[in-house]
Structure formats: C-alpha cells, structure tokens
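Each chain carries a letter (A, B, C and D) given by its place in the written order, and its residues are counted from 1.
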C-alpha cells in the first residue's frame, strides 16, 4: 500500500485538526518561555497548509510545496520559515511522484529535520523543535518501528525540560528556561506522531 | 462654657481625623453614583483646613476664613467651593470674636447650610449634601437637642437613598441613582455630628 | 491588594506628573512663579489676543495640559485627580496668559468645575480682567438636555476650534461664538470595559465584572446608560454610531472630523479596529471624513474602553480644525 | 472568561486594524495592490533614495507602521500578532518603496524575524534589488552580549536616525553605518505590571500576580531578568536608570534623548511620574536632555508597564534626531 497524494492530503488535514485542538495548550507552554502564540502559529500554519494542499493538483512534491507556501504566508513567525523549509525538503525527497512507498516517510522525517536545522541554524540540545525532529529522524533512518520513532520524538520533546535555551525567543531566559518544555518541540512531536501513523499505514 | 478659638481648632482637628478615617468608605459610596473621590476630597480638604486653622491667629471668623481658604485651595472639586462657602458664612456668624456662646453653633450650622445652598444652587430633595445640612439647620434653629440635630442630619442623608439625583455628578444617572446614598450627604452628617458634640459641650 | 500602578505616594501623583511634564516639554510649557497648578504655553499668549484657558481634574491626560500650545489653549488650570481645580490656579493661568483682550474659560460641564471657575471669574473681574465661559457638553449619553451633558473627549475638537479662532486674533465675542458653535456640533459616546482606580485609593472605583461593558460611562467612572455583556467591536461601534448619527442629524454629503479615543488602557490596535467600522458606517451614511484622530486623547486614568467623537463640520469649523497648532502632546499642520 | 477587548474575531484583528489605519491616515499611508500586509508611505520613497523598510509582528502599535512616513521609514511589513511577517510582505514593501539605491531592512532582533527577512532578502536579490539588514538590539535586560539582545522601544530613535539619513539621500553604505551607530548608542529597559493577552486566545499570556512586577520583560511577554514585589515608581526608575547609565558609560556633559514608553495599558500620568525621576537622575549624572518622548511608542498589546530608553547622542545623531519627519502616528520638526 503506497503513500499517495490523497494520503498526503489526509495527513495535512489531520495535522490541521490536531493543531487546532492543541492550540491553547501550546500557547500556554509558549507563555512560560516565549510569547504565548505558538499554538496560534501552528494552527494557522497547518490550516493554511491544509487548504493549499487540498486545493492543489500534481505530485507529492507539488503538494508539499503548496503546503510550504501556505504555511509560510499564513504565519511568518519562527514556525513559518522552519516548517516551510521542512516541507520543501520533504517535497524534494518525495519528488514528482504521484505516490511513494510508505517507508519513504522515514526519509521525509529526516528531510524535515534537515530543513529545520538548516533554516534555524540550531543544533540539538539548544531547546528547540529540533530536539524532537532530530531523535525522530535518527530513529526513522535507523529503521525503528513507527511507535519507536514517535516515542523518540516525544522523549526528545520531554528532554527539553532539562535544557537551557540557547537560541530563539527563550534564549534570553538563561537558567529560567530550565524546567519548562519547548513548545516547538512539543508540537513537533505531535506532527511526527501523525506522520508515523501514516508510516504505520493507518492514515 | 463658651466656644473659643481653641475649641474651633479642636473641632477642625477632629473633622480632619474623622474624614481621614472615613475616606475609603466615602470613596466607595461615591464610586456607586459619582467618580469615587469624595472621601479623598473631604480628607484633603479637612486636613488642609485643620492645618490652616491651627496655624492661624485671630478671631473665630479669622479661623473660619483660614479654614475656608485651606479647604478650597487643597481640593477644588465640588466639595471645595461648597465647604469653603459654608465656612465663610460660618465665619460671618461667628464674627470677630475670640469666643462665642456654644449655642451660637446653631447659627453656625444654619449658616453653613445657607452657604452650601447658595454656592451649589441646589434645593433640598435633589440628593446632595444639602439633604443633610438642611434638616440639621432646621432642627438647630428650632432648638432641637444636639442629638436630635445629629439624627436629623443622619436621617436626611439616609433619605437620599430614595431620591433621584437632580444636580451634581450623579444627576445623569436618572433612576439608577435610586437606592444609593449621596456621599456628600453622608459626610455632611458626620461633620454635623462633630459640630453637635461641640454644641453639647463635649469638644 | 492595591491596583498595579507606577506611582509613588498617591497624594503626590499630580505634582510629580507636572514635574515630569515640565521636564519633558520645556520648549512648549512653563509654570509661572508661585502658581504650582497653572501651566502656560511658551508660545501663543500675546498682546491683543484672547486667552483661551482650559482646565479640569487630572487623570485625563493629555487632556487638558497636553492641549496647551500655540494655536490651541494658552494655559490650563490643573486640579487633583478627577477634581476641578480650585479658583486660584484658574486665576493664575488666566493672568499669565491674558493679553488684554479677555479670557475665555473652557472646560467640561461638571458641577465642581462650574463652581470653581465661576469663583475664578469673579476674582478676575475684581482684577479688571473680563472672563467668559463656554462649557463643553459633548457626551450625548449623559443627558437628553444638551445643556446638562458632560464634556468628554470632544473637548479636543472644541478647544481646537476655539484656540484657532483666538490664534487668528478674533475678538472675545467671536471666539466665544465659535466655541459654542463647535460644542453644539460635537457629539461623543463611550464604552467602558473596566474600572479605573484612583492613585490615592488604588482600588477599582466601581465594579464592572469581566465579560460586561458599560455604554455611556463618563470619563470619571460615572455610571452610563446601559450595562450589558461585552459585545464584538462592530456591534459596540454600531450602537454608538446609531446614537451619534441620530443626534447629529447630518445630511448625506456633509463632512465630519472623527476621534476614536482610548480611555487609558485600551491600545491602538483596538482603537483602529473600532475605526474600521466607524469609517464603514460613515461611508454608508454618505458622510465624508475630513480628519481622523486615533489614540489616547481624553483618558480616565487606567480605565479600559474607548469613545467615539464626531464633529459635524461646516466651512468655518473645517478651517479652524485645519489651523496649525503645536502643543506638547498634540500637533497639527 | 475572555479578557476585555474591543475586537471582533481575534484572527481578523490585524487585518481589521489595517483597514482602520488606512481609513484614518489616507494622506500618509497606502497599501500596494495585492500586498495586503505591506504599508507604504505616500511621501518619502523617491528615485535615488535608499528605502528604509521596517517591520515585525503586530501588537506593538504605533511600532512599526506608525513610523512610516516622510523622513522616517518608507514602508513596513506587517506580521500577525507577535509574529514576524512572512517574507512576502517584506518583499512587497521593499519593491513598493525602493528607488534604485537599495533597501535597508531594520527590525528587532528575534529569531523569527531574522529567518523571514533573510528569506525576503534572498528573494529581492533574485529581483536584482540589493537589501541589507540592521537589527535593533537595545533591550539591555535581554542578554549580556549586545548582538544577542532584543530590539524594543529604542526602535523609534534608531529608525528615526536611519530614516533621516535616508531622507538626506545618503547612500546605502552610509545609511547602514548610521543605523548601526544609532543602535549601538541606544539602550532600553522595561518593567511589566501585568500580562498582555492575545486577541486569538483572550487569556493572559503569562501569570504575573497583582502586587508583583517583572523587570526586563520583553515586549511580547518574554520573561525578564527579575520578578519581585511592585515597588514605588522612583525605585523602579532607579533600578532601570542604574542599569542604563552603567551600560551607556556616558561622560558628564554628554547629551541624551529620552523615551518613556507605555507598554499599552499604562497611562500618561504614570509615564510622566516616571519621567520626573528620569530627569532627576540624568541631572545628577550630569547628562543633558536633548529631547524627551513620553507615550505609547512600542506597546505589547494591553500589557501594563513601561520602558525607559536613552539614546546617547553625538553631533551626528543629534542632527538626525532633529531632522523632520511626518508619519501617521509620529511627527517631528
């Protein structure tokens, strides 16, 4: 069972619903270390990406590109360029195909990690969304089961509690960021979980 | 036992202490129908009057005039001109004497009523401080006992609950002023009570 | 717990504020010797010119003293918070600003202000200075009878018109006529979203629960005409604009000046959202917008809320509104 | 219960605000066709002139779009509330404003803004337009390393200097040098007394109990350097001024420009009380005050609190600060 453009549309649709549902919780997390709007950015971004992807035709890459543009233009902020770059990189991996083997979603996760890292110039351990994307990408490339990839992302997000922010809006907090989750890492773990459902063949 | 300039200084001192103690309660009453500052005006006014009177020499009239000026210049507002005029009228009654019979305090109460009425151009029943001053003045002129004068003032203030304001800041409330006390009438009843203590020979 | 304010002793707030204002605006304002509560324009007062003297309680900044300057008011008398100034500052301001052509006192129609400024006028008369008075009465929510209404944010347009007339060296009769005319054509209505609190008490002056609003509330927290659930901005604007437009009775093609005013704590984003709807409503009514002011012009300490003012222009008022003025907190032209 | 705001749909707040701004200031501002989030000065952009393009998230009004006008910024890119604009509005603003002499992007130093404006610069390069960037980093509470600091209310002075340089037709190299120089000599520190709330959530973004203050808080509610009991205004000013003066290292006899800024809900009375103490402290330090701005210049939605900015002047900066500008929400000269 391949991963088709319809599957990708369904994935974006699920991500939009998920972020809408988690909006206020993510805002509350961002209120503790940032400016309180991460849930809004993720909801607006994924809703716009979903709309753009739903209205787009063409290959998997075309859809990823449409999603990137939709997300970026609706949001800006930090999440906008990071997710836009992640989706563009994912599109490159997916290529001009109408469908791909589901297992290629492992490369998609890794490509998204690469996109975030390249755009954000962050390294793992700096208390950013990369701390979810990076362990997930490593697990995905290492052949881990979908649940294990999801768990790696979640553990990575959880581990941001023990990190002192070294980049982004919460960097200036210094030690005061300790004990708090990075909101971008928490939302990233949710995104990764939904991609892993698709990897598992469930969506 | 006459009412001397020392007695008048003591009376102003007591009024200042009284208004300071009642400040917040009077502000709360004014918050319901006006702008919430009546206790501040009465405290500042009486404290300034007390200071002016304490520092003044001369006759009873001189002291009343000093109190009028002190009150007015510290306060402005509605209370300032009303009490300044009341004190000036009281001073005229007291005249250039170093002391007067205590019973002349009845004329003082009436003169203060006249001053308030003249300056404010209000009539009884309009839900103002006149609704305390007027019945008190009538009682005082009619020879009522000090406690009865005090009670007349207090009843007059209490009766403002049933009045619709027809002048002053709360006039625009219309029927919404019903059920609320007029703060100026409440503070007037306190002032009258302290004058009546002096009339009784207790201060 | 006292309300959150950046102040020292509440009783010193007005004098400390004045010190901060004089430090910030030495080119615009000065305080005459021995007149701690009179603020005078450095440029503006001059021989032969009617002196426009405004004033009232503090807590409405930039009203009143922010409108003292060339082309607008010549001086202001400063009262305690929400309290008319006593007569003396008004006398001080008038004497410092007057140029031999008389004084026009302008202030909002409140019992306390009327008593104190009337006493000031009597004192000035004894000094041989003619003083007249025009009360502002723009708050249409405060009374059905125009003469009994409160003066609120519309002050800025009304003072501006009178100040321009005085700056043009018109005689006292004319300045007074224009002031009355400007007042008669200016209507305001506001909505409060929270109580203010006085610096001396640091307690809410009244109780306005979260989720509620009070339409028509005065700029001292005087109760308004109606309390109800807080509605979306467009509905609030519609309720206010319905009342303003009905009161104003303008014909299609007429022009207005608009002020969307913050009562203190409401930021520009919300004011401009209100103005988007105001502009729509004026457009629907066929009225042209000559000028729009948006911001804190007449505040009520830290109260959240806003008011909308319309001045119904004619050629004369348009010219006067366009006349330049240069005040510490308001400039035009 | 949602926080008290005069808005409609929270998601529409920015676009409705822009509609209200364009309706209020048609003589100053316009929006290019098909560029809903770019605001351009009617007067200002011209051939041969470096285009100064500023921008950032909404919720800081009058920053940024209030500073678009002749003599200051040529255009602004408008983001969602507290969110950097995406690259497209920055590209739209730059293309509408550029006059063939290059574009200078200026904005506060935030990760999101840097990523988005950098993408905009890349896109402009593809169009053959040279774009440089100067980040503002005036918030001394936000980092020990100047380059990592946030840009906050000092923006107004820094943008003003750069805008004056561009208005004087200086080349891109010079405008950039001046912008960096102005930024290097501008220091700000703030104090928050309450949380703001976003129009989309209408909940306090963070928890700041009554009775407490947070020194050094960012203009998006980013936690500051210290939280403690709310102190009297003079003590708050002293803590901030000690830090600013130490950072600035000015010599007696030097001159400064001062900004006492409201974070949104703090009214003028409190700001001027702060300024009274600021003026005292500067006097004690032997520093002259060239100009003082007081008011809401860089806000954080409905946050209560204030910030103090000092720009350490030299002859060049003094000339540029004195240069006239005419913006919808800020005028000088």
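What we mean here is this: contacts are C-beta pairs under 8 Å (C-beta built on N, C-alpha and C of every residue); 3 or more make two chains touch, one makes a residue touch a chain.
These figures come from a predicted structure and were not determined experimentally.
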- Chain whose average C-alpha position is farthest from chain D's own: B
- Message: Taking the mean of the C-alpha atoms as each chain's centre, how many Å separate chain B from chain C?
- Response: 31
- Query: So what's the Cα centroid distance for chain A and chain C, whole Å?
  - Reply: 53
- Could you give the separation in Å between the centres of chain C and chain D, each centre being the mean of its C-alpha atoms? 29
- Among the residues of chain C, which ones contact at least 2 other chains? none
- Task: Give the pairs of chains that touch; include all such pairs.
- Result: A-D, B-C, C-D
- Item | Of all residues in chain B, those that touch chain C in their complex | 24, 27, 31-37, 39-41, 44, 72-82, 119-120, 167-173, 176
- Query: Which residues of chain D touch chain C in the complex?
  - Reply: 1-9, 13, 16-21, 23-25, 58-59, 61-62, 66, 191, 193-194, 199, 210-211, 213, 230, 232-234, 236, 258, 260, 264-279, 289, 292-296, 299, 301-302, 304-306, 329, 331
- Message: Which residues of chain D touch chain A once you look at their complex with the stated criterion?
- Response: 11, 57, 79-88, 110-112, 115-116, 119, 142-143, 148-150, 198, 200-201, 203-206, 218, 220-223
